[in-house]
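By letter and in written order, the chains are A, B, C and D; residue numbering begins at 1 in each of them.
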Amino acid sequence: MTDETKGLVLAGVGGQGVILAGMIVADAMVRAGHDIKQSEVHGMAQRGGSVFSHIRWGPGVDSPLVPRASAEVLAAFEWAEAIRWVDYVREGGAVVVDLRTIVPPGACDDRRNWTTAYPGIDPELFLDRQLKTRLIDASSTASELGNIRAANSVILGTVAAFCGIDDSHWEAAIESLVPRGTEEINLAAFRAGREVADAQAPAATPSPEGFAGPHQIDINHSWCKDCDICSRVCPEYCLAIDNNGKLGIVDSDACTGCRLCELLCPDFAISIRPPMAEAVTTNG
Amino acid sequence: MSRSEIRIAGAGGQGVVTAGRILAEAAILSGKTATHSQVYGPQSRGGASRSDVVIDTAEIGFPLAYNLDLLIILSDEAYTKYRPELDDDTRMIVDRDCAPDSTPGSATIFPVVATARSVSGGVLATGVVALGVLQQVADFIDADTLRQAVGARVPAKFKAMNLDALEAGMGLVGATT
Amino acid sequence: MAEAQLVQGNEACALGAVAAGCNFYGGYPITPSSGIAEQMVRFLPGADGVFVQMEDEIASLAAVIGASLAGSKAMTATSGPGFSLMQEHIGYAVMAEVPCVIVNVMRGGPSTGMPTSPSQGDMMQARWGTHGDHSAIVLAPSSVGEVYELTVRAFNLAERFRTPVIVVYDEIVGHTRESVVLPDALEITDRVRAEGDPEEFRPKAITPNGVPPQAAFGDGYRFHVTGLAHDERGFPTEDSQVAGALLTRLHSKVDDHEDEIVDVETFMIDDADLAIFAYGIVGRSAREAVMEARASGIKAGLIRPRTVWPFPAEHIARAAEQVDTIIVAEMNLGQMIGEVERAAQGQAEIVGHLRADGEPMTPAHLLALITNVEADRKQP
Amino acid sequence: MTDIKTYLREWAMPHVLCPGCAHGIVLRSFLEAVDQLQLEQDKVAMVAGIGCSSRLAGYADFCTLHGTHGRAPAFATGLKLARPELDVVVVTGDGDGLAIGGNHLIHAARRNIDITVMLLNNSIYGMTGGQAAPTTPQGAVASTTPSGNTEASFDACALLQGAGASFVARVLAANPIEMTKVMADAITHPGFSFIEVVSDCPEYFGRYNKAGGGAEMLVSLTSRDVAVAGPLAAKRFVNHVPSSEPPPGMDTGVLQREVRPIFSGIRGGDTDES
């Protein structure tokens, strides 16, 4: 009954725990009574290279590979991987993307000297396909809980919302597969991710005034026309348009000082001041 | 009135415009006022060419010729075109080669083009030969002033040839009559 | 004292321009004005000037305006169809207050018309050719000597009033060679230059005489120039009061100085019974006709404006009180005659002698006309 | 690094352009180029025509000339000939520069007058309300082509190469760093230099053609980007439609660069002071 067969693609880069996450998904599905098949690619693609895992489940599954435009969910641990695999998601499916590690190594010439090439990120890809999109900051959430390595559980928490099996199967799978001693933190991470899935707006509230981070982001609201270019191009998702349609700062800590927002603001309304300026002042 | 109007009409390449300018400049050299006009546009290309000079002792009002005192005709086309416009009291100098049988008795006929050919080997000096004839026939200008004006206007390397042409033109008068 | 020489009208225009300090010429070939360009390209390189042949007349006047904004004394010359194309930038130069000189050697029109025939058909276009309300200074020389003199004057007026000045003459004046004595010394006017703190500079300031001092690009003053209605800083405004004040000032800086600009030759008018109004080449035929009429006992006189715009209405009004009839002779089908009628205010009968066939009006034509009018006048 | 607002007429801001219109990005990139080259502010002249792009001149704190529709290259020619020491930059649009002003543009290129022309191509007439431009793609909707444009469109760079421009480049408004670099190259190029900046018009083109707002239009530009020169070319890793051919005429980077005699008008030789 291939009609009832569903698919999930997990994609990330080496070191992010993609394979473990795949095993957890498979285990949860089995616990929920599904027939499952899984395939994965790794090896050459460890540590910085691309790693993916396909999982299919349903009453009876023939092939382990998820065909294009059929996946229920794409869980991308990294932005470039989201784009690489988005074609596999069916119309109306879900994309869960971790924001923390989305800047691929090739995107910047030299961040310190602000010579960053705009990498061509296109969130419209997701909107075009009418996908349920959840952009999450799994690493930060995991860090706050005490261990950044639990980030993949945060992602799974969000993914779970779109898979149609009871959360108890997920939690049982996590408990049995994560390293000994990290069960609690991984379960907490899963639940945190599960909450994000239900949220509509970005989790953080944009601040119109800005706040101190490594780089100072200044928005001149009297010039800003809230055109949304800056927030779309920021590789670190520091900026966002709030529910009133006004631009605000979501996360100034993440700013790498790449200045894309500043250079691509048609209204000269953003300026990014480097941390160097502060250091000089302090030392002086 | 001391106003005199002279028209030199011929074919392109005969030096008709230059001759008119020389005549006007000679008039200025002798303390008179002068205007010079020529035909522009398509009419000036190919066949017909024309040079009008008005000379006066006083300031010239209307600068174009409208009541010719003297008409010099140096080509067949010019003859056909300008002959019918003439008043009876306009004097006419006609080149021998283009004077038809019907040329009226008031016209004086000179071998202007042939003389230019013999002096310069071509027709370019025809206008200057005509000036020589004009100087002898009418007393608009004295010979030395005209020589001076020719010398000032033509390019240095053609100066001697043009002065020869002028003398040859002056020499035609009397020789034929 | 300089000697008399035989000079062509278009050549005199170029000589006058260079004498007035012109150091930029941008133009496009068109009969019968091309001679001006051909002379300017000979004169300018030796006069520390630049010559450029542009791609059309629109570009020519644009280049002239660009050069003038950079501090040059700049001019262009054209004829009929080219003058039509220049109207856009005449308006720009008025609005942006850019001094420049435009010479229009008039030929028969409309459209391509009669390229080598004389005409006076552009008198109203010189006044009202560009869109919108504007003042105009238009000079009309009638001889080669006057072409020289009025070209110099055109530059002086352009610099004095920060406005384009137009010189119109017809094909006959442009192409005829005449004996002229070019003056040794000339009075040259230069634009008033901006001085003082660049921060305080107001390129379109409202000054007592209506003409704000001007800075050139590259002189240390950074400012904006636009054809949009603008404020004193030169920046676009939609404030009706500011825009209205600008338009009023552009008008009044010329209109309030008519005495300085208007220049009319009158001849034997004081005791005249009839007067002939003529300008440009027709003015010369008219003068001869007036002299011949006087010789035959007719008390004729001449009014010959050398400045056609602003229109010398006061001169006409005074003459209309003196004479019974004013004959308006022009080589068009009726352009300045309307202005004469308006200025005469019914004080004199106005008779038109209007022709647009490409043929010049000779003294004989006009004498015959005067004789007829005189006969009519005596037989009420 | 100078604060870029040094080159901006801050009192005139915010500018008149619509939200999401990339023209402001182009102005910023130009100001960055001026700053990188350390040009003397008093010696830069910006000449503009009419249209949205041409309004930029009013916000740049140089000597600025906002001329007439399409004629900016002609104004600039006179200005440059009269003051060769000025860096003269023309800012024009696709309607201004390629329709009404096409003649002036190609002749400035032919002469090789030492000016820089930045043509901001947003594929439509913005200032007048969304009418079809010479660059509107076939099939695209404009207020004067409600059923889709049936006319062919110009490839501005090919046109200018044909006209003899000695420097021709195309950049995308979405790539400010490359844009600044190319602008600096163009300004320092001896002779006529032409840059087509592919910009956007969300208000008309975007709305009529359902191409999204400024942000969507801008980022979608990069997916059409095929760099032909420059170090950034190798760095592009995302392509919206990696397997399909890029639209014709969308090659970016410096497409033409040659040195030939500069036009300086007909003038006397260099002044001999001796």
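Basically, a contact is a pair of C-beta atoms (placed from the backbone, for glycine too) under 8 Å apart; a residue touches a chain by one contact, two chains touch by 3 or more.
Note that the structure is predicted; figures quoted are calculated from it, not measured.
Just to note, of C-D and A-D, the chains joined by more C-beta pairs in contact are C-D. Note: centroid distance chain C to chain D, computed from Cα atoms, is 39 Å. Mean C-alpha positions place chain A and chain C at a centre distance of 74 Å. Distance from the chain A centre to the chain B centre is 98 Å, each centre being the mean of its Cα atoms. Work out the mean CA point of chain A and of chain D, and you get 37 Å between them. Pairwise chain contacts in this structure: A-D, B-C, C-D.
Listing the residues of chain D that touch chain A in their complex gives 4-5, 8, 13-15, 17-25, 28-29, 32, 174-178, 202, 212-216, 218-220, 222-223, 225, 231-232, 235-240. For chain C in complex with chain B, the touching residues are 4-6, 31-32, 115-116, 143, 171-172, 175-179, 281, 284-285, 287-288, 291, 360, 362-364. Chain B makes touch with chain C in their complex at residues 21, 24-25, 27-28, 32-43, 60-64, 66-67.
Remark: chain C residues 23-24, 26, 41, 44-52, 54-56, 58-60, 62-72, 74, 88-89, 92, 216-228, 235-236 touch chain D in the complex.
Contact residues of chain A toward chain D in the complex are 80, 83, 104, 106-107, 109, 115-125, 222-223, 225-229, 231-233, 260, 263-269.
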